[in-house]
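What follows is a pair of complexes built around chain A, which joins chain B in one and chain C in the other.
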Partner chain A sequence: MSSSYGIIAVVVVAVGTVLVGTYGLRISRTTSDFFVASRTVSPWWNASAIGGEYLSAASFVGIAGLIFAHGPDMLWFPVGYTAGYLVLLALVAAPLRRSGAYTLPDFAEARFGSPAVRAVASVIALGIGWLYLLPQLQGAGLTLHTLTGAPDWVGALVVAVVVTANVIAGGMRSITFVQAFQYWLKLTAIAVPVVFLVVAWQAHGARDLTGPEFPVFPRETTVSFDTNTSVRVEQAVAFRGDGVVDGSEVDGPAEFGPGEHTIAAGSRLVFPEGAPVPHVASIPFNTNASWALPLRGGDDFPLYAVYSLIIATFLGTMGLPHVIVRFYTNPNGRAARRTTLIVLGLLGIFYLMPPIYGALGRLYTPELLMTGDTDAVVLVLPSRMVDGVGGQLLGALVAGGAFAAFLSTSSGLMVSLAGVLSRDVLKFRGIRGFRVSTVLAVLVPLGMTWLVGKVPVADMVGLAFAVAASSLCPLLVLGIWSTRITTAGAVAGMLAGGVPALVAGLVTISAGGGNVFLARPAAWTVPLGFIVMYVVSLLTPRKVPPGVNHVMVRLHAPENLGLRSQDRL
Partner chain B sequence: MTTPEKPTQRVVVTSPRTRAPRVPRPYPASREIDEQSELGAVYMRSLIRTQRRLGLLLCAVVCGSVAALPLVFTLVPSVTSQRLLGLPLPWLLLGVLVFPVLVLAGWFYVRQAERGEREFAELVERS
Partner chain C sequence: MNGLWTAGAILLAGLAVVITLWRTSRTRNDFLTHEQRITFETLHTAWSAAPPLRAGLVPDAAKKSAKHLRTLLGTPALALTDETEVVAWEGEGEHHAADAMDLAREVFATGRTRAFDITCGSPDCPVHSAVLAPLTVEGRVVGVLAAYSREPSAGLVRATNEVARWASGQLELAELDRSRTRLVEAEVRALRAQISPHFIYNSLSAIASYVRTDPEKARTLLLDFADFTRYSFRRAGDFTTLSEELKSIDQYLALERARFGERLKVTLQIAPEVLPVTVPFLCLQPLVENAVRHGMEGKVGPGHITIQAADAGEEAHITIEDDGIGMDPEALRRTLAGQVGETAGIGLGNIDERLRRCYGDDYGLVVETAEGLGTKISVRVPKYQAGVHA
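Let's turn to the complex of A and B:
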C-alpha cells in the first residue's frame, strides 16, 4: 500500500502534536509545571490524557495483528490492559496520589526513606520504560514502511525526533494537552473506519468469519517479501512469480507442495484467487472455524500462556512509569480515583474496535499470514475493503491514528524516564537536567531497535508489563497496604521478581521469540517477587523504616480531615 | 392596638443536665492521628483495614471471575462453540461484555471507598 494520503495524515499528526505542544510551552514555566502540570488538571482532562498515553502501538496495531494471527486468546491483551486499571483503582490510585511523589522512585523514598530502595526502583523503572519504548519505535517504523516502503529505521527516527523536541520544549503540561487530544484522535481513527468496514463486509455478502475453510486469497494477490521467510503449506498451491524459492531461482509458474518452504528476500510471488494462503512458520495453521476457538494458538502450554498474560497485564499496569506519573497530576486522592474510573470507560470503548479488524483481516488480507507482517492488518485493511479514494482516506485516517499512538505513548514514557534519569541517575536537577535526560532517554531504545528480532509489537509490550508486575507491583501493593515491609524486603523482592523477568524479556527479544516460559515469564516471576518481598521483610523485622505509621497516615487519611501531616505541595 | 392584659410570654429554659461546664474535647481525634498517639494509630489501622478489605475483595471477585474463563473454556469446551447475539461466546464475553462489567465494578468501588472515608471522617469529627 503506497498512499500519499497516508503520508499527509502522518505529517498532519506530527505537526499538530508539535503545535499543541508549543501552545503548552507558553504556560509551562516552573519545574513543577514541567513534571506534573502543577497538579491543576481536571479528572476528564486527566483521564483522556491517561487514555491517550496508554493506548500505545500495541493497542492500536498490535492487538488486531495478534488476534488476526492467533485468535481469541489474544483478546486477553485488551481485557488485561483494562482490568489493570481496575486493580490500580482498587489498590493503588488514591494512596499513590496522596504519597505526593513525582515518580516511582519518589514513592519508594517517601514510603521507605531509603536511598537503596530508591536506587533499585529507579533502575527497574528505567528498564521497563526502555522495554516499552522499543516497540513504539518499531511500530512507527512498520507504519511508515507499510505506507511508503521506507526502511524501518526512518519511522523510528521520526517519532524519536518529534517526541524529543516536544518534551524538551513543553514538558508535561503541554504533554497533558497533547495526550488528551490524542486519545480522541485515536478513538476517531480506529472507530470511523470500523463503520465503513462493517458496511463493506455486509455489502460483500457478509461472508462467515468462522467458516470451516482455511484462509484463501480473496483475489489475485501479489505478495512481496522484504526478508528471508520460511512458510508452511498444507495444501498444494500454484503460483507465478520471480525470486528465489527453496534456494532455486523461480521465474514464471511454479507450485508449492505441502511442507516447509523458504522464500528469499526480494521475491515477488503472485497467487491466484481462491488459493489457500501459506502461513509463516510462527503462525499456526488453522481453519477460520478452529481459529475462532480459544486455546488453539499453537503454544505448547496454552493455559500457562494465557494465565501468564493475565497476571502480567492485570498487575503490570500499575508499575508502568508513564502511568504512575499521571496520578500526580490529580489534585488529590479522591480525584485520582474518579480519573481512574473514567479511564476504565474510555479504554473499554476503544478496545471494542481492534478485534473487528483482526477478524475481517482473515477474509480480506490473509497474505499478511504469509509475510508475517500481521501488525500491519489495521493499516492495510481499509484500503483493501473500501474501493477508491474513500478507502485511501480511511487508510490515511488509520495511519494518522497509529502515528498518534506512537507519539503519545513515547511522549509519556520520555517524560517519566527523563524525570527518573535527571533526578536519580545524572543527579542533574532543574529544567536543563530534564532536557539533557530526555535526549539520553531516547537514544538507548533507538539504538536497541537495530539489535532486536521480529517480535510482534504487542508481545514486546507484554514483556514490559511482566517486568513491571513482578517488581514494582509488589513494591506498590505491599508498600501501601502492609506496615511490615522492610527496606531489605523491598530491595530483595524487586530484584527477585524484576531481574528474572527482565532477563527473560531480553533473551526473548534478541532471539525473536522462543520458549513460552521465557516469552511469558509473569506466572512465575510475579509470585516470586511478592513472596520474596514479604518473607524477607518478616525475617528482618528490625529494618522496618522508622516513621512508617506517619507515612501510612499520609497515604490513607482522607483529605477532608484537614490533617497537618497531609499538608503538601 | 394594644391590650392591657398582654399574654405572658413563655420562655423555654434549657440547660445541660450536669452541672459540670461543657468544655470542648481538648484533643480532637484528628490531632491524635497527627501526633501519632496510640489512639490515632488505632483509628488509622481501622481505616486501612476497611479499605484494604474492600480493595482486595473487589479484585478477587471481579478479576477472579474474569480470570476463571480460560479454565472454563478448557474444562467445558462445548461452551466455546455456543453462539449468542450472533457472536461465538468467547468473543462476546472477552471482546464486549467484560468492559461494562469492569466499569461497573470501578464505579461500585469508588462509591464504597468514598463512603468509607466519609464515615471515617464523621467518626473522627464526632469524637
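Let's turn to the complex of A and C:
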C-alpha cells in the first residue's frame, strides 16, 4: 500500500500531541482578573474527555476486525463497552465521586480504612493497566506495519517513546480540553470515511453483504505473508505464486485443493478475481450468509463466550484506572451522573461506525482473512474502496485517528499507572518518583509485546475488562451497596476473582489464543469474586471497618441535603 | 485443554511461592542468640503495646495494649483502670474485675504500688494475689495497672512497677499529642477571628466612598463583605473545596480593589480540573492577604499578584506570587519553625503546620523570597487523603 499520506498523518498526530502537551497547559488554564466559580468543568466537556481517553485501539481498529472475522457475536464488544457506563451510572458514579477518591486504591482506603485493601486494589489496578496498555502498543505496531511495512515493534516503540516523553515533560496530564478534543478528532476520523465508503459501495452496485457465497477476491490480488501461516481451503482455488507452499518451492501457476495448507514467510501469492478466499486457521470458514448469523464465531462454546463477554464488558468499565480518575473532575455526584449519561450518548454514536467497516471488509478486503491481520481492516478499507488521492486521504485520516487513539489512551493509562506505582508500590513520591514510575509503567508492557502471540487487540482489551470485572467491580459494587463487607472479605474477593482472571489472561496472551474458558474467563471469575467477597465477609463479621455507617452516609446522601460541614454556618 | 493446565500450574506455583515467603518470614529470628532473642521479644512486645497506649485509657485501645502488657509480665490476668472503672481485663478470672476498683482506690489515694491477697471461691481460678501499680501523668494518678498471679512475689511487684512506669511514659506522650491538637485547633479559631481590624476599617471606608457616587457598586461590595465574613467566621468543618476558598479570595480581592483601585493588579490562572480538590479551611486566603500586604506596602506604583492553581496528576499545585518588598528568609525560617511570633506573615506558621498535619511533612509551605524581590508561596495538595473530606 502506497501510503505517504498515511505516514504524514501519523507524524502530524504525534507531533501535534507533543506540542499540545507542551503548550496545552497555557490554553487549558483560564487566565482572568476575576475568578468565576461556575467555571468548573461542565459535564459536556468532561464527557467528551472521558470519551477521548476511553476510545482506544480496541475501539478504533479492533472491533471492526473482530466483526469482520467472527460476525455479529462481536457486536457485544461495542455494546458492552458502552453499556459498562450504564452500570457505572446506576451503581457507582455518584457514590464514587462523593467518596472523594481520585483513584481506585483511594476508594478502597476511603471505604475500608485499611492499608491491606488499598495495597491489593493497587496491585490489581496495576495489572489491569498493563493488560490494557499492551494492546494499545500492539495496535500502534499494526498501524505502522500496515502503512509502511515496518516491523511491528517499531510502532509500539514510537508510541511508548512519544507518550513517555510527553508524560514526563508534564504534558497530557488529564487536561480536559485536550482529551475532549481527542474524542471529536477520533469521531471525525472514523465517521467521515464511513460516508464515502457507503457512497462507494452504492456506486459499485451495493453488492449483497450477506450473500450465499464464500468471500471472494474482488479483483486480482497479491497477498504477501510476513509469517509462516497455515490456511484452510474449502473450494479448490488456483493461484500464481512465488514462495514456499506446503513445504515445496512454488514459482508460477498452482492450485490449493480443499484442506489445510501452510505458507512460508516471505511468500507472495497472486489470486485471480472471483476466487474464494482461503482462511487463516484461527478464523471460521463461513459464507457471508452464515457469517451474518449469531453464534457462528468459531468458539467451542459460543453461548458461553457471548455471556462471558457481556459480563466482562458490562462490569469491567468501572474498574479501569484511567476512567475513574476523570470522575474526580465533576464538582459533585449529580454532575458525575450527568457526565456518565452524556458519555453513553457519545460512545453510542462512535460505535455505530466500526461494524460498517467490518461488514464492508468482507466484500473489499477479504485477503485479510487469509493473512490473519484482521485488525487492519479499518486502515486498509478506505484506500481500497475509493480510488485515487481521495482514497489515500481518507486512509490517512483513519490512520491519524487510530494513532490518536493509541496516544491518548496510552497517556491516560500511563499517568494513572505511574500514580499508582509511585504512591503505592515504590513509595517514591514527588516529581522524580513520578518520572521513574512512568518509565517503569511503560517498560513492562513494551517488554510484553515481544512475548505475545497474534491475539486480536479487542480480545486483549476484553481480558483487561475481565480482570477489572472480577476484582475491582465486586469491590466497588459491594463496597458501595453493602454495609457487611469486611476488610478480609474485600481482600479475599479481589484476589479470588482477580488472580484467576489475570492468570487466564496472561496464558491466553502468551499462547496467542486457545481455550475459551481462559480467553473469556469473566463468566466464572466474576461470580467467584462476588461470592467469595460476600461469604468471607459474612464469616468475619468482626472485621467490618469501624465507622462504616458514617462512610455510607457520605457516599449516598446527596450533597444538597446539608449533611456536610460546609453547609452549616 | 493445554492452556487450562498451564493456568492451573501457574496458580499453584504462585501459591507455593507465597506460602514459602510467609514461612521464611516467620522463622527468621532463628539467627539470633538466646539473649538477643529475649531482648528482641521483650522490646517487640513493648513496642506493640505502645501505639494503643498512645490513644489513652479508652476501652478499645486499652484492650489491645493490655494483651501485650500481660505477655510482657507473664501473668495469668492483667487489668487496666482509669479513674472510675476497669477499662480492660485481659486473661482469666474476669469475675474479679468487679472488685478491682476497690483495691485501686487505695493506690489512687497513696500513689504507690501495693500487693493484695485475694480470696476466691472457685477452685480453678488462678487469681490469688494482685499487684497494683499507679499510672501517672504529670504527677497525677490517672489509672491503675493490676497484675494478677497465683502467688505474691517481690519480683512481680518490681516488674509491675517498671511496666507501669513505662506505660505512664506512653500515656504522657498521649497527653502531649492531645495538647498539640488542641493548640492547633485553637490557632485555627484564632485565625478565623483574625480578620484584621484594619481590613474591616479600610473596607468599610472604601464602601462608604462609593455610597453616593456609585450606589450599585457599594451594594455589591457590601454583599461581598457580608459573604466574606460569613465564610471566614463559619464554625464547622476543618476542610473546604478549592472552589469555595477561591470564591472567598475573590470577594476579598474585590474589597481590596475598591481600596487600592488601579494600583492592585491580580492575575488568576485556575485549571478547572482542580476546583473540586479538598483543602484545609482558610489555608489560602491568609496567603493572599499576605501577598496584598507585601505587594502594596511601601510603594507608589502598581503591585502585581498572581494566583495559579494547576493540575498535576495526583496533586494540585497552587502558587501565590507578589512583586512586593519580600521577606527576610532568616526571619521567615524562624517563624515557620515556630520560634518567634507572627511577625513575618499572617498565620504562615499555622498554615504550614496544618498542611503538614493533614498531608505529612512532604506537603509543607514552600516560600521563595528575598528582601525587595517579591514572594512566591507554593502549596501542594494531594487530591485524596484518608480522612480529609470537605
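Worth a mention:
The rule we apply is simple: the second predicted complex is superposed on the first by the 540 of 569 C-alpha atoms of A that agree within 3 Å, B and C clash if a C-alpha of one lies under 4 Å from a C-alpha of the other, contacts with A are read in each partner's own complex, and residues count from 1 in each chain.
Keep this in mind: contacts are C-beta pairs under 8 Å (C-beta built on N, C-alpha and C of every residue); 3 or more make two chains touch, one makes a residue touch a chain.
Everything numeric in this text was worked out from a predicted model, so none of it was measured.
Once the two complexes are laid over each other on the shared chain, residue contacts for A:Tyr307 go to chain B alone; chain C is not touched.
By the touch criterion defined above, A:Asn515 reaches chain C but does not reach chain B.
Applying the stated contact rule after C-alpha superposition, one finds that A:Ser248 touches neither chain B nor chain C. In the superposition on chain A, A:Phe434 makes contact with chain C only, while chain B stays out of contact range. When the two complexes are overlaid on their common chain A, residue A:Tyr328 makes contact with chain C while staying clear of chain B.
In the superposition on chain A, contact of A:Val79 is made with chain B only, not with chain C. In the superposition on chain A, the residues of chain A touched by chain B in one structure and by chain C in the other are 564-565. The residues of chain A lying in touch with chain B in their complex are 72, 75-76, 78-79, 82-83, 85-87, 89-91, 94, 210, 292-295, 303, 306-307, 310, 314, 334, 337-338, 340-341, 344-345, 347-349, 351-352, 355, 481, 549-550, 552-553, 556-558, 560-565. Across the complex, chain C meets chain A through its residues 1-4, 6-7, 10-11, 14, 230, 233-241, 243-244, 246-247, 249-250, 265-273, 275-276, 278, 308, 310-314, 362, 383-384, 386, 388-390. Those residues of chain B whose C-beta lies close enough to touch chain A in the complex are 30, 33-34, 36, 40-41, 44, 47-48, 51-52, 54-56, 58-59, 62-63, 66-67, 70-71, 73-74, 80-81, 88, 90-91, 94-96, 98-100, 102-103, 105-107, 109-110, 113-114, 117-118, 120-121, 124.
The residues of chain A lying in touch with chain C in their complex are 25, 28-35, 37, 39-41, 100-103, 106, 109-110, 113, 170, 173-176, 328-332, 415, 418-419, 423, 429-430, 434, 499-500, 503-504, 506-508, 511, 514-515, 517-518, 554, 564-566, 568-569.
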